[in-house]
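Listed next: structures, encoded as structure tokens.
There are two complexes below, and they share chain A, which is joined by chain B in the first and by chain C in the second.
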Partner chain A sequence: MPRAKRRETKEFMQGNAVIAHAARAAGATSFYGYPITPSTEVFETWVQLCGNPHKPALSPVTKERLSYLQCEDEMASGFALIGACLAGKKAFTATAGPGNILMQDAFSAAEALRIPTVAVIMQRGGLSTSTVIYSQEEVTLTCFGGNGEGFRVVYSPSSLQDLYTYTLKSFNTAWKYRYPTFLLGDGYLGKMSGEVTRYPMLKREYVTPEPILLGPARQKSLSTNLRNCYDQEEEINSIIEQYRSDYARDSKAIAESESYRTRDAHTILIAHGIVASAAKVAVDMLRSTSARVGLWRPITLRPLDVPSLVSAVGNARRIIYIESALGQMSRLINDALIAYSETGKSFDLPAVRSLYAPALGITPTEIVEQVLKKS
Partner chain B sequence: MNKQPSNTDISLKIVLVGEGGQGIQTIAKILTRAAFQKRYHVSYLPNFGTEQRGGLSLAFVQLSRSPIISPKFKTADICLIVSNRDTGRSRRYIGPMTHVVYDSGIVEERGIRAFRTVTSNVVPINAFNTTSTQLSERSFNIALLGMLTGLIDVELQTDIIRLMDEKFAKYYLKDTGLKSLNHKAFDLGLTLTKHA
Partner chain C sequence: MKTSNKQQRNRKETAPRTASLPVPSFPRCYKESSKPHKFCPGCGHPITLHEIGMVVDELGIQNKTAFLIDIGCSLLAWDFFDIDTTQTHHGRTVPTAVGFKRAMPDATVIAYLGDGGGYAIGTQHLVHATLRNDPITVIIINNLTYAMTGGQMAPTTIEKQPPTTTAPFDRTPDVFGTNLKGPELVLHLAMPGAFVARTAVDNPLHVRMTIKEALLHQQKNKAFSFVEVLSFCPTNWKTNAQETFAWMGAFKETYPLFKTITGTNS
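Up next, the complex of A and B:
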């Protein structure tokens, strides 16, 4: 999204607050949720942005009233979110860990019915309730949670600025392509404070939400049937195949990645989210010693930017997976590379190494040490 | 302490180690916000458990004249320890060049011994007892803020005091002596810088 000719303000903000401000700038008008650390301040900040309940603030984009509802739990929040989106509201939620698990029922329904939703997931430590701090252990759950095929969009921001940029983008992607869309952050990103540049969304960029249940279809007939229950296996099979085809087509426009100093690199680091920020610093440290190292970072974990991935690793001698989990990201990459090789295109998978630190932050120094390790 | 990052091209990594509810996170927030207003690039990352109060509470703070890409670091330049609870965890962030400052009124010497095997820059301060005796125990965190200001960049002083007053404004209304107490504690902390 080009940022030229916009009124920009540079501020010191907490990550979760950045998201709430970005959602407002994106034209979101409603939030449904149940607070859980480390995502709570998304909700708190949104409530502050809503202002006085007797005289609510208006969206700077649509001039509609801003609103929120704290539901009784995450399951209710997820379905309230779906309801609002069916009514044509740009609504969103935020959750983490066990809350992410509970919301999968609703997200699965949204996936089945192609309902645009935006959910902010701030990963906390797994397993189960675990810590309120940090991990990258909700990748699989967010990409493939529920009984479905993962027809979802999952952004993995790596900085406070990314939180702003990709929150804006999440709303447009969700409503343009009608997939449940996730901003998959983590406890570090949500809780950290630093500098971020805010800017308004331009009118021409705004995707108007369609009132799915109350829109033109409703005017033609007395009912709008959104079907998620089928009698015959062939029926649901044809729906899934249609979705697969749509997803493959839309993936070309949605998938994003960053290749950093990869052109002549013998070693490609692959990391996402905040770990990719550490990896970027590590690349610069290693390059200063003439090591030929680069970084490939998936910005969208679903769908993956496979052409960019293949281009980045195609000439490398080795790749190193780095993540605060036991291979949740690397499984996505491996699957994509295997699928690519099955297309018959010539491709040799480089040697693979990993630095997995489940539920632990990873520093640039630790990545440098891993790269320099002999075996 | 030799590292005086006043106006040049500096980069400082600080880890604060305290107890939940002690004010470590508030100190870190005020410090980084003030530094941001003085055109530092800053990053503040809190790290704590599920306890409402108590438990180990860490704050990772970075100040730099260059953009900060990654909020977590392996080795701190300064590590301030005011908790006796778990000095083992903070040891992860200590290297030979780290300056470890600990409050001898809180942290037992035996908890610090392991740090001395890594770095020779281990400095005791007596902020807790000094603040408790001269002012009030509840101003301890403000004395720490003053001490850190002196260590990092004394030019941040005006902004930090202003942000501190904003942060505690509603408490000042209820307790008219608190503002004066905080200012005295801040000044006391600045004098402790000399010991550190």
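Up next, the complex of A and C:
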């Protein structure tokens, strides 16, 4: 196991702080942001890691200075982040709710220009300003915000340890495949504290960033002229088709999921993020009563791990969607299953049930009750 | 879209010479494949772009300049130069330039946008880049209108001119408020040592000298530099050449040319 060779340290930390530490370990050198609960400690922890701006700390990975900019708003944060990526630096931001809405301005540009932005989204309550606490109501916005097609990577971590693992991974995915990449957490995960194992990035995993403008092409006297504005329908159509085939190809390498006790399961719970952690506990509770229940958990909401999904639900009698929203995750999965059935492969959709609790946390007991409920 | 400098130069050198005709001097950093350019005849944008090209040549910074352009008629310049460029979103060119410059401090970074992009949808970015003294050069093409979208009222539109589709009965202050003067705003906000100027395309040499000073300021003094260029838009002004120049003369009364380094004369 390569993990054993790493210099690991165990620490008691808050979720948002975990993300900042992981970003530093990933080789990120700058942060651009605007404060918003429940994401602010990502920014504040990064500021602490940067130290005194007159004598800034260095990246343990690149030995470059760590820096940050508190911008005038989320549009500025998002576009300054794009600027830093264009200049070849691993950079990131963190936001939530109404900030996520404004930042879609930049993310839609990043999607069009294939800029490897990394953004941490800590979901707060949905419907406008709402609560500063928790929901899973920023799934659609994060996956598809903007007038695009969702050529993005969205990780949905379930635990504090996941926050570390997938922050580290986000930067490499973004720079390897050139899609705007998101770590979609929530206020519960961001604000809770617990033990986390930190470890440095392995050299062989590290994807080296290159400037997109004034980079290697320029050194060969080739100019790079990026555009997001086109004259003809056919021009933009061919770009979208190109991105579609790139995304289909890259999805095979990017998509991740977890199948937990699904092999003989008649009932498959489907949940993501922190709700999947509760669902996992519920599976164990139900298994102890010998109910044949398993959990399928998308780790990437974009792209979805369709082969794994199909094999998890293919033999099941029913699936139960569980989320702190009114079906934002389940729409993604239904779409994927319909698209799969359109490929002509024989596949019977099991019966579907749902436990939707928009903007509320969901406990293992509530999930157990839902599973045991007679239709 | 990739063409090499060398290829372009070779092409130039092997082209047959028409000795009798005066050859206009095009900047070496022009991208030949994108000429003739896409701007309307008589437009002020290509005049300013020509002068930017001359300065880039003169300072020898073709390989270290990032030219970032807004959405507006500036977007037509996406492949104007054999210089690294990107389009952004309407109003978001300044923060993109800020992020780029912070990540690559040795680059010469130019944010090129219209008066709508700079003074309406992106005003907050201009204000804060000024306050932070970000060492970038912001060039705003002030044609007193939203040109790309067909001549709507801009923050710079003055009472009678130019005609606009969204204030067709004139921009009367009682209904529409007053107009915005960008360089003057920047002057009020800037830290000492920022370069602030207004120039106009009816004097291209003045545009060139001003932009040269701005870029040198960015490089040497590592401070904010801001140039507003009063510019022609005969298409939306609905003017002939003579009227275009006459209007420009009149606009200079509202928008006087000046040049200063903040904090040096107060």
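As a convention for this text, the second predicted complex is superposed on the first by the 369 of 375 C-alpha atoms of A that agree within 3 Å, B and C clash if a C-alpha of one lies under 4 Å from a C-alpha of the other, contacts with A are read in each partner's own complex, and residues count from 1 in each chain.
Here is the rule we go by: a residue touches a chain if its C-beta (ideal position, glycine included) is under 8 Å from a C-beta of that chain, and two chains touch if they have at least 3 such contacts.
Predicted model, so just to flag it, every value in this text is computed and none were measured.
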Next on the checklist: According to the stated criteria, A:A96 is in contact with first (chain B), second (chain C), both, or neither; which is it?
Outcome noted: neither
Next on the checklist: Let me test your reading of the model: by the given contact rule, A:L226 touches which partner, first (chain B), second (chain C), both or neither?
Outcome noted: second
Checklist entry - Looking at the overlay, what does A:A28 touch: chain B (first), chain C (second), both, or neither? => result neither
Next on the checklist: Between chain B and chain C, whom does A:S277 touch in the aligned arrangement: first, second, both, or neither?
Outcome noted: first
Next on the checklist: Quick one: is A:I19 in contact with chain B, with chain C, with both, or with neither? Answer first, second, both or neither.
Outcome noted: neither
Checklist entry - Should A:I133 be classified as contacting the first partner (chain B), the second (chain C), both, or neither? => result first
Item to check | chain B or chain C, by number of chain A residues touched | outcome: C
Checklist entry - For chain A, which residues lie in the overlap of the chain B contacts and the chain C contacts? => result none
Next on the checklist: Which stretch or stretches of chain A touch chain C in the complex?
Outcome noted: 29-30, 32, 67, 69, 71-73, 75-89, 91, 105-106, 109, 113, 211, 213-214, 217-229
Next on the checklist: Which residues of chain A touch chain B once you look at their complex with the stated criterion?
Outcome noted: 12, 37, 131-134, 159, 188, 191-195, 274, 277-278, 280-281, 361-366
Checklist entry - For chain C, which residues count as touching chain A in their complex? => result 1-6, 31, 63-64, 66, 68, 71, 75, 78-79, 81-89, 91-92, 95-104, 107, 124-125, 127-128
Checklist entry - What residues on chain B touch chain A, complex-wise? => result 29, 32-33, 36-37, 41-50, 68-75
